[in-house]
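See the structures that follow.
Look for subunit A in each of the two complexes below; its partner is subunit B in the first and subunit C in the second.
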Partner chain A sequence: MAPTTLPRTDVLIIGGGWTGLTAAYELAHAGQRCVILERGEHRHDATSFAGPEEHDEMKYAIRHHHMVDVTKETLTFRNDRGQQALPMRRLGSFLPGSGLGGAGIHWNGQLWRALPSDLEMRTHYENRYGSQFIPEDLSVQDWGVTYDELEPHYDFFEQICGAAGYAGNLQGERRDGGNVFEGPRSQDYPNPAMKQPISNTLFGRSAESMGLHPFPIPSANVTREYENPYGAKLHPCTYCGFCERFGCGYFAKADPIICVYDRVKEHENFEIRFESQVLRIEKSEDGQTATGALYLGPDGREYFQPADTICMNAYALWNVHLMLVSGLGKPYDPKTRTGVVGRNYAYQTIASVDAFFDDSVITNPFMGAGALGVVVDDYNGDNFDHSDLGFVGGGYIACKQYHGRPIGYQPVPEGTPRWGLEWKRAVRENYGHHGDIVVHGSSMPTPENYLDLDPTWTDAFGRPLLRMTFNFPDNDRRMSDYVMHRAVEIAENMEHVRSVKSTNLAAVGSNYNIVPYQTTHNTGGAVIGTDPATSAVNRYGQMWDHHNVFVFGACLFPQNLGYNPTGPLMGLAYWTLHHMKNDYLPNPRPLMDA
Partner chain B sequence: MTPLSKITAVVVLTVGSFAAVSAGAQDYSETPGIDALVANLDSERALFNARVEAPVDDDLLEAGRLVAMGGAEFGGSGMACFTCHGANGRGDGSAAFPRLAGLPGWYMYKQLMDYASGTRPNQIMTGIAQKLTEREMEAVATYYAAIDAPFRDVTSDIAPDVLQWGGMLGAVGSAEKGIPACVNCHGPSGTGNPPSVPYLAGQYATYMEHQLMLWREGTRDNDPMNVMSAIADKMSDEDMRAVSEYYARVRAQEDIEDAADLGPTGLAPEIEPLAETLDVEAD
Partner chain C sequence: MPAEYSRRAVLGQIALGGALATAGPAGHAFAALDDRPWFFLTDNEARWLAAIVDVFIPADEYPSATQAGVVDYIDFQMATHYGKGARLYLQEPFSQGAPEQGYQAPCPPAELLRRGIAAALAEGDVTAQDAAGRERYVQAMSEAQGNIDDSDVPVGTFFTELLSLTNEGCFADPIYMGNNAYAGWEMVGFPGAHAYYLSFVDKHNRPFDKPPMGIAHGEYPHTFPRIVGGS
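Our next item is the complex of A and B:
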């Protein structure tokens, strides 16, 4: 049966998560009729995420009930081009969401900004260390947009979330107790920082005594009653310890449903269609613009939704997939190193350090929150001298207390057997005496790490699966090793610590493994920039090849930051929306010359 | 599909005819012996609920009973708890005096501290609490936490749809108003979450309704994170009444089973569940 063509809309938005709902809010209020197509179902914090049912670790954390259904859509994976990629049939290393709010409902709420130097990475490193410093096999590039340009948008998103923290750089004035390395903030966080438990406090004390600069992790776990600029009323966090992988039934973790959706759902220009799976974006005959999207509705029938402007707001990986299956932009080819869609895929480089306290320190790990932590940024970005280190990038070191879930939280010291009586005894003895330290490192792009379409496997709708080819570059392995050793030093210097264990997931000699969870921070594949040869979209998020298509999310990152991506990608989203409202929509055209 | 299927709670409709025979608050015969209290603390769960800071022993419980009966090591408050709350902590069923039996000890201790400091101002309790030492507060909190007293009848008249709405607020809150569900913190059947979160199940409706109003108007301001004032701020008078009347009728499953075990004590019929008349246990 031929697809039913629906009445035209001004703006078609693909995906109902943070960026999609925000695009709908901003554009609907600018007079644009917006239709969101969301592949998942409607859900709401009050009716869907209330404890104690929501605190079912098996259902949500282990069996991933809030996440994408891999029997319908998944990707194939291999470490390098010499291997045969195979489909990921169970989620592991990362957990993309599905349904209203997307992955924004099961995030931890760590709310960062990029460093000014991060956004001009190639220029910055070449100026500071010389033009030969960045290793040749890294396709590091500038974002094409600066910190000063993004600052008002970072700031606004922090207000939307009711962010809790303490500014380390207030209008250029450095303030101890905050992140002294951050770019200048136009104003302080809207809410005070979270209250820290004992393990994080001891970590902060240790770091400070070593001359480092600890501060509370900027948090979207709200610390007091708060009304955001859209009128959403948020509640104070109860430190229940169920952020990551769970929705928040307390209205305390900022998420796209309560912060944005509830405030726009009644607007006359707003419409959202659930269980609507976009299959392809169609192009005009001359290929210069997109005309709308073909999608599968909840009744199993195909519809064509025409639109003047299309916003791509799916998760980073699925945005790239949709571009590839729709023929939007030129696909990246690693053999010739040309093309842009799928280029510069990057991830996050994670190492962990476990500190075990003596019995005098009782940590009560069940008392936690997703962004409850004390962190040092001294080894992130270019906050430290890289001259003799042989790598670029860095990561933050954080001591966090974000959950004490019975299945997932079983810290045991080095040398403990992996099962049996001794293991059980060790879990019992250490559960309440453990400091959880992570090294959350940047990820540099290489010509050999990329996304394309799999030649063999297809999804439930007959489309080729996305194929991921990825391994950790040597640069990132060296970086991770270096920063992890700094974390070990801090851990060993903590009071009451009797032993320390460290694990580097990007250790030299080991391959990236897609099975153990690391982070849901997949980036790149449709990167932002000022050169159409190396970026899929211009510095406004507009596709070079199709001027009425705007792209949102972490797929825009030219390389991944040492930070969690939600804050940085929402800064970009508000930047793009600002230029759509004020420049593009009144006069649709390419906003930059190719 | 009703979202009420998310909880497993049994609403109990009790018959009013027993109200006339229930004992008044000032009845020494209800005073439990220390042995009975110690027996109540057999399980780790009950002990955790009762303990404030000091180990729970006979001395502490005796000291607690002394305060409850109006005496004290250092002069006491001048008013006996039991005159209003009953020797076994059942209260008297009026709006003003809540049921104390089995509330978390730490929660009650903190309330006494807050009455004294003024963050929970109350014409009666503030003066009383200011006359208690910290040790006396701890002792009397432990004492009432250790008591396991039967529930009184719920006699108020309420329309089923209001009760239904109250149950909905308790189980899933309100997406429209942005009200989170009570069960998030107060437990699956409103049984509380010691040491800091009190039970709602079986508490007096008028007391709970009044407290919600105090949270909303900011008179009661003793929640360090202001969770309750943020919630109450979004509730209408009708919401407050509905959810209070609902929880007044909820009994935890174990309480229903315990009540059945009481047998011929004469107290069991008071809380005999007529569960089939309004059973929201779904699935």
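Our next item is the complex of A and C:
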């Protein structure tokens, strides 16, 4: 049956997460009739995330009930081009969302900004260390948009979230107790920093005594009654320990449903259609613009929704997938190293350090929150001298207490067997006496790490699966090893520590493994920039090849930061929306010359 | 269809086989659930699983896996959505691939367990061995590669599945029929689902000694097991 063509809308938005709902809010209030197509279901914090039912580790943390169902959409994966990619048959390494609010309902709420030097990475490194410094096999590039340009948008998103923290750089004034390495903030965080448990406190004390600069992790777990600029009311975090992988029934973790959706859902220009799976974006005959999207509705029938402007607001990986199956932009080819869609896929380079305390330290690990931590940024970005280190990038070192859920939280010292009496004893003896330290590192792009379409397997809608080819670049292995050793030094210097264990997931000799959870921070594949040969979108997030298509999310990152992506990608989203409202929509055209 | 038989009888046979005969606390988790049929397992499968999971989590001053209800938990998981392949992409073709590529078994977990246990039993009956023999058996299985003899069951996947299920059965909320009487939570000191720590989190080094409370407010044994919802 031929698809039913629906009445035209001004703006079609694909995906109802943080960026999609925010696009709808901003553009609806700018007089644009907006339709969101969301593949998942309606859900709401009040009715869907309330405890104690939500506090079900099995259902949400282990069986992933808030996340995408891989029987409908997944990808294939291999470490290198010589290997056959096989389907990701289960979720593991990363957990994309589905349903109203997207992955934004089950994030931890760690709310960062990029460093000024991160956004001009190639230029910055070449200026400081010389033009030969960046290893040749890394396709590192500038973002094409600067910190000063993004600052108002970072700031606004922090107000939307009711961010809790302490500014380390207030209009150029350095302030101890905050992140002294950050770019200047126009104003302080809207809410005070979180309370800290003993493990994080001991970490901070150790780091400070070593001359480092600890500060509380910037948090979207709100610390007092708060009303955001859209009028959403948030409540103080209860430190319940069910944050990442869970929705927040306390209205205490900023999410796109309570912070944005509730404030726009009644607007006359706003419409959202649930269980509406976009299959393909259609192009005009000349290929210069997109005309709308073909989607499968909740009744199992196909519809065509025409639109003047299209916003791509799916998760990073699915945005790239939709471009590839729709023929938007030129696909990347690793053999010729040409094309842009699928290029510069990157991830996050994670190492963990476990500090085991003597029994006088009682951590109560179940008293946690997603962004509850003390962190040092001394080894992130280019906050430290890379001259003699042989790598670019870095990561933050954080001691976190984000949950004590007993299936997932079983820290045991070095040398403990994986089962049996000794394992059992180690689990119970260390559960309440452990400091959880992570090195959350950047990820550099290479010509051999990329996304394309799989030749064999298909999704539930008959489309080829996305194919991911990824392994850790040598640069990132060196970086992770270096920063992990700094983290070990801090851990060993902590009071009451009996032993320290460290694990580098990017260690030399080990491949990236899609099974153990690492982060839901997949980046790149449709990157932002100023050169159409190396970016899919221009510096406003507008596709070079199709000027009425705007792209949002972490797929824009030319390389991944040492930070969690939500703050940085929302800064870009507000930047794009600002230019759509003030420049593009009044006069639709390419905003930059190719 | 699962055969009707007594759990006490099955576990009693295991106890006679050695593992539970030397266990600490008297009695076991199944006494209260006697005469209820398994949802999925056969008695041979239950007996085999009981032997293996008690190697993973043996009894000491805290309950063993079987005492904590792990076999009950696995039975329930295999009978419901997870066991049947919910949230598991099963499109052909299948290829074993590299460990980094994850689960590539050509069937959902319930079938994996059924085929794996059948293949393992065909090699010999581990339940007839003493505790040391069972430990050696499990160690050997953890180190094996390829498929279990005469089957298409990748032994590494099978082993990982067994270890994960055992862990889950010990520590998941009791609504899933394991973690009997909060055996796992009592052992580590996890207070459960009713979580509100705003006034405690920065009071350092103070034990929090409230007894565990699950989602169903401690209503066990499991009169109202909740089915894990599909997709």
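To be clear about the criterion, the second predicted complex is superposed on the first by the 594 of 594 C-alpha atoms of A that agree within 3 Å, B and C clash if a C-alpha of one lies under 4 Å from a C-alpha of the other, contacts with A are read in each partner's own complex, and residues count from 1 in each chain.
Following the convention adopted for this analysis, contacts are C-beta pairs under 8 Å (C-beta built on N, C-alpha and C of every residue); 3 or more make two chains touch, one makes a residue touch a chain.
Owing to the predicted nature of the structure, the values given are computational and were not obtained by experimental measurement.
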Contacts of A:P52 with subunit B and subunit C, given as first, second, both or neither: both
Partner chain in contact with A:Y512 - subunit B first, subunit C second, else both or neither: second
Touching partner for A:P3 - first (subunit B), second (subunit C), both, neither: neither
First, second, both or neither for A:N364, with subunit B first and subunit C second: second
Which of subunit B and subunit C A:C237 touches, first, second, both or neither: both
Partner, of subunit C and subunit B, that touches more residues belonging to subunit A: C
First (subunit B), second (subunit C), both or neither touched by A:T74: second
A:P588 touches, of subunit B and subunit C: first, second, both or neither? neither
Set of subunit A residues, in rising order, touched by both subunit B and subunit C: 51-53, 236-238, 240
Contact footprint of subunit C on subunit A as seen in their complex: 51-53, 55-59, 62-65, 69-71, 74, 77-79, 83-84, 86-92, 195-198, 201, 236-242, 360-362, 364, 366-367, 372, 404-407, 410, 418-421, 424-425, 427-428, 431-432, 456-458, 511-515
Residues of subunit B defined as touching subunit A within the complex: 3, 6-7, 171-175, 178-181, 183-185, 187-188, 225-227, 229-231, 233-234
Complex contacts: residues of subunit A adjacent to subunit B: 44-47, 50-53, 223-225, 232-233, 235-238, 240, 249-251, 258, 262
Contacting residues of subunit C [partner subunit A, same complex]: 55-58, 60, 62, 82, 85-91, 93, 95, 97-104, 135, 138, 142, 163, 166-168, 171-173, 175-176, 184-185, 187-198, 200-202, 204-208, 213-215, 228-229, 231
